[in-house]
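Take a look at the structures below.
In what follows, subunit A forms one complex with subunit B and a second complex with subunit C.
Right after this comes the complex of A and B.
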């Protein structure tokens, strides 16, 4: 009894202090902001402040020496980068990587996901098999594909030789090399996107399908008029994420397999920024490239949101 | 509570150990992964000989080490001795607080190095970099393929004409790839070695102008095109060529001596490995650029700089430097390595190192790139190689265009130098 009494009196003694603290902190209406604060601080510190600083660096010339002042050069870095061939090739390839990613990484996983979903629990093995490449290191994948595609006795070459054929040197031609890298990154990521679609499909009420079947709908009609519309939120998410990340996803194979060549045929803006910032240490150019990349991705994303959001069905 | 008390006591117990000696700690950035045990053993010997100094070695992959050292310096993290890739040395001299090694105190220890090896880090009278992990290009030969093609691996090709002829014979008689010549990152080092050895100038000493569009430069690059278009050199990259050679699929591969240990291991029980000097170009004397990294000094004045200089002097000792060369496979960098009996025996019993020794006097500093326009210039060199190998136009058209583009990209540096 004594202990309870002590605890009660102790709590009672703390109550006015807590009330005072609450008042000092602005009352209940500010509580959500306090919960959000840690994340906002982290985002501000590690995302928004670096971005603002990157914009600032893009307008300067600096050699990273703390004892050297930054020289403000205005938009000169942007003008110089956009005027050179490397940027033009990188921009062209970036757009190809984005455009090529949509059918390969956004649309192709849909029929695969529908097929695996239709298998029910029996499709678990196939899901695992198709998801497996996602777990592999992209460095390992790139090195293995270099071996496979090696024009001198590589495995593809040896396999084709069995039929008296010669496997083309796909990494030796600019266009073929770009599509090879795109296909490798597709192989790597398709399982992840398929998994997202399967999750989206799992939220579709199967009663709707049964109802359509009773009304005489075939597979195509079910896919066209039920599954596709109800899958649009997932498709929209996959589209946005794939476009943003597709440029980053090809970084490792570019770096390991082609270094942006042949003849700048596989480089992209992301790789160009890396080269400016970390190979030749041109901070201003690297920052300017990053800002342009940000603007490009923002523009592409806004266009997609503007054009596609109205076609997305968020309600079942 | 008891656990926390024990933990606190344990931490207290460790404190005197780390601070009792009051040792000066110096930080050594390097890219030695496979050779780390050898490097560490040398550093441990140095620590034992100098009880007041501790050397913290920091490993960074070779492709990132320049950026990592630059980042550490920018962030104010301690960097006392750093391995810097040769081609970045001018950039580092202009953009980092590198300390000359021959200004304060005794500089006689630098005389141990071959003068041509010190040229890379020489600015006027000052020496900013000393050789450490140098390589030299040489021909690696698959003896089994040679024999299958009716060739003698003990009589390797000596000139580029003989390389071409040998490669053709290998291709015709065995169906295997004849030869490949490394291009290295951005095609830079490979092109540099090929044109320099042909008597051309890859870049001027200050790195601001390319000059390999002269007759020798164009002729040797035409020969590289011929290797590709004739089919004796399949178009690929260094990784693929290296893999193919190690798999016994290629007759000759011309690459750095730094690959020797790996190739010996790969060829063991698979094929007979032989080596030969880098091929001569027509009547030109052999001139090969070193590959690899040099050591630069960054310590602030005081006991850390004194300790770092002591370490550099230790590394320049004949026995230490030669041991590093023997155990790592890098090129000896000290004058007259055969004067060391251990080294002499090593050279006599390990024939694979003979081209390296022979080419020591024929080594010229690797070309270094300036601060501005380097990426555009290097991507131009890389694109030039791709176009050469595609064989749609002759070198006489491709090379002058590429040199003009490189020089346009490097133009801003000429205004300031």
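Right after this comes the complex of A and C.
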């Protein structure tokens, strides 16, 4: 309140100066900047500055406590992390998550989409059902599966018991746990990716297909020589989106279902960063891990934004 | 295009299997939410004596009501803010040519290439220094800028005839009134689509709330659910009731605006 009061009284004293200022700032040429100001300030404060600051923090050592000083250590964090077992496991798992996602989340939806597209409007119920997991939070999905897979009394175990079989404790073994998370993340995204392909297919002119049919082409020929080539841009887009998804979004099932274990079996680079920065409070390690993750993500994201731009253009 | 009969059989079989794999886990979860406690571990997916007890207990035995309020409040305020700032930004870019336009535009869209996860540590430190930790402010303010919204709205502004601005001007409407009276009504479908995406995304968000909340006072539903696991909460009936309630808003929107929701998600490709 004091500040406002002062401003008012000084405005009275320097009325001509203030009027000049108001004229200058109220001029039409400043108008666009007023509209942009909130966004620019927010992005500066919460995107660009933190981004640069992360790079700086990656060269320091600090435990997040205000009373301990931050120490500049240069590139030591990078050397120490990469020599670390956790990093090597996380990097290996990240690559497995990506590699496993390609057949499951990128290729598998293609035949599903082609089939749904061939049904026309008749496939609406299928589409709605497979879209459902997209709407659910990954927390909900992870908890449901955690409970279904519970080795004691979970539905999977009970179902197997009906046939006298015992259901393995899939989350208790590193490789099985990783593939379980991979399959659950497939469950979550496959419907969405299928819809992306259907959107890509919708732009294919059906006259071409008729023409090929008249020339005696079978299903396979149409698929191979017409649909697949026209679907290539969509496939590439889905691939990029899926890679980003596989790096970022599996954080939630990892955190809820295994916390990176057993024996680092399910952790990935992003989860490693989280643990360094916010579980053991090693800011330098966390930031250094983030910078390495950034290099990986930047390449992928750059391509994605390019494609997104083109993708939306096609729609119009 | 019609596929030949054998392919159609294969297709329907695969799709039915896929739909079952989606529906069975969800039905078991929802079914359990309505089970009395002595049936929770029964293999039957549905209750033999349905009850609402679980829904009562999740509210009486846990801070679920506060979690819900936090989710509703922070999601509402955050989405409103994101929409407002995205509209202002997209409007300025669509309407005027001004020095620095290209640079600022690159700055805004460039931010889309910096995922949240890469900026979290400094923002976390900033939030702690500002004493925002464990408050609604921490959940809302760092997330108000949504370059993706600007990107999407720009696509719609492009199809806007420039004359519409001039016409509003001639009618004596300033740029501010023109925005609210002429531009926004014409953007309604795009804004509705954007709102749906932002709402579902924010409502389901897990990572950021996990970092900056610490007590029930500010925990959102998603983080609250994790807290149940953390505390070895073993009332699975109530837990499933909580999951059902947490999923209800997004499913309700989907139920009423099925086509729009699916089209919007696809058009944006934001998921992922």
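Note that the second predicted complex is superposed on the first by the 239 of 316 C-alpha atoms of A that agree within 3 Å, B and C clash if a C-alpha of one lies under 4 Å from a C-alpha of the other, contacts with A are read in each partner's own complex, and residues count from 1 in each chain.
Convention: contacts are C-beta pairs under 8 Å (C-beta built on N, C-alpha and C of every residue); 3 or more make two chains touch, one makes a residue touch a chain.
In this text the structure is predicted, and so the values were computed from the model without any measurement.
Asker: Tell me which partner A:64 touches in the superposition: subunit B (first), subunit C (second), both or neither.
Answerer: A:64 sits against subunit B and subunit C alike.
Asker: In the superposed model, does subunit B or subunit C contact more residues of subunit A?
Answerer: C
Asker: After superposition on the shared chain, which partner residues are touched by A:29: those of subunit B (first), subunit C (second), both, or neither?
Answerer: A:29 sits against subunit C, while subunit B stays out of touch.
Asker: A:293 contacts which: subunit B (first), subunit C (second), both, neither?
Answerer: second
Asker: Just to be sure I read the superposition right, which of the two partners does A:153 touch: subunit B = first, subunit C = second, or both, or neither?
Answerer: In the superposition, A:153 contacts both subunit B and subunit C.
Asker: Let me test your reading of the model: by the given contact rule, A:244 touches which partner, first (subunit B), second (subunit C), both or neither?
Answerer: second
Asker: Could you tell me if A:121 is touching subunit B, subunit C, both of them or neither one (first, second, both, neither)?
Answerer: neither
Asker: Using the superposition on chain A described above, determine whether A:187 touches subunit B (first), subunit C (second), both, or neither.
Answerer: The second partner, subunit C, only.
Asker: Does subunit B (first) or subunit C (second) touch A:259, or do both, or does neither?
Answerer: A:259: touches subunit B, not subunit C.
Asker: Is A:282 touching anything from subunit B or subunit C once the two structures are fitted on A? First, second, both or neither.
Answerer: It touches subunit B, and subunit C stays clear.
Asker: Across the two complexes, find the residues of subunit A that touch subunit B and also touch subunit C.
Answerer: The answer is residues 64, 66, 143, 146-147, 153, 256, 278 of subunit A.
Asker: Could you list, by residue number, the parts of subunit C that touch subunit A in their complex?
Answerer: Interface residues on subunit C, with respect to subunit A: 1-4, 7-8, 11, 14-15, 18-19, 21-23, 25-26, 28-29, 41, 43, 45, 85-86, 88-89, 91-93, 95-96, 98, 101, 104, 107-109, 111-115, 117-126, 128-129, 141-145, 147, 150-152, 155, 158-159, 175, 200, 203-207, 210-211, 222, 225-226, 229, 236, 239-240, 243, 246-247, 250-251, 254, 258, 261-262, 265-267, 269, 271-272.
Asker: State the interface residues of subunit A toward subunit B in the complex, per the touch definition above.
Answerer: 63-67, 84-86, 143, 146-147, 150-154, 169, 171-172, 174, 256-265, 267, 275-276, 278-282, 285
Asker: In the complex formed with subunit A, which residues of subunit B make contact?
Answerer: These residues of subunit B touch subunit A: 64, 66-67, 70-71, 73-74, 76, 91, 94-97, 177, 185-186, 234-237, 239-241, 243-244, 247, 249-250, 369, 371-372, 374-376, 378-379, 382-383, 386-387, 389-390, 405, 409.
Asker: Please give the residue numbers of subunit A that touch subunit C in the complex, ascending.
Answerer: Interface residues on the subunit A side: 29, 31-33, 35-36, 38-40, 42-43, 45-51, 53-54, 57, 64, 66, 111-112, 115-119, 123, 126-140, 143-148, 153, 155, 158-159, 162, 187, 189-192, 195-196, 198-199, 206, 209, 218-219, 222, 237, 241-242, 244-245, 248-249, 251-252, 255-256, 270, 273, 277-278, 283, 286-287, 290, 293-294, 297-298, 301-302, 305, 308, 311-312, 315-316.
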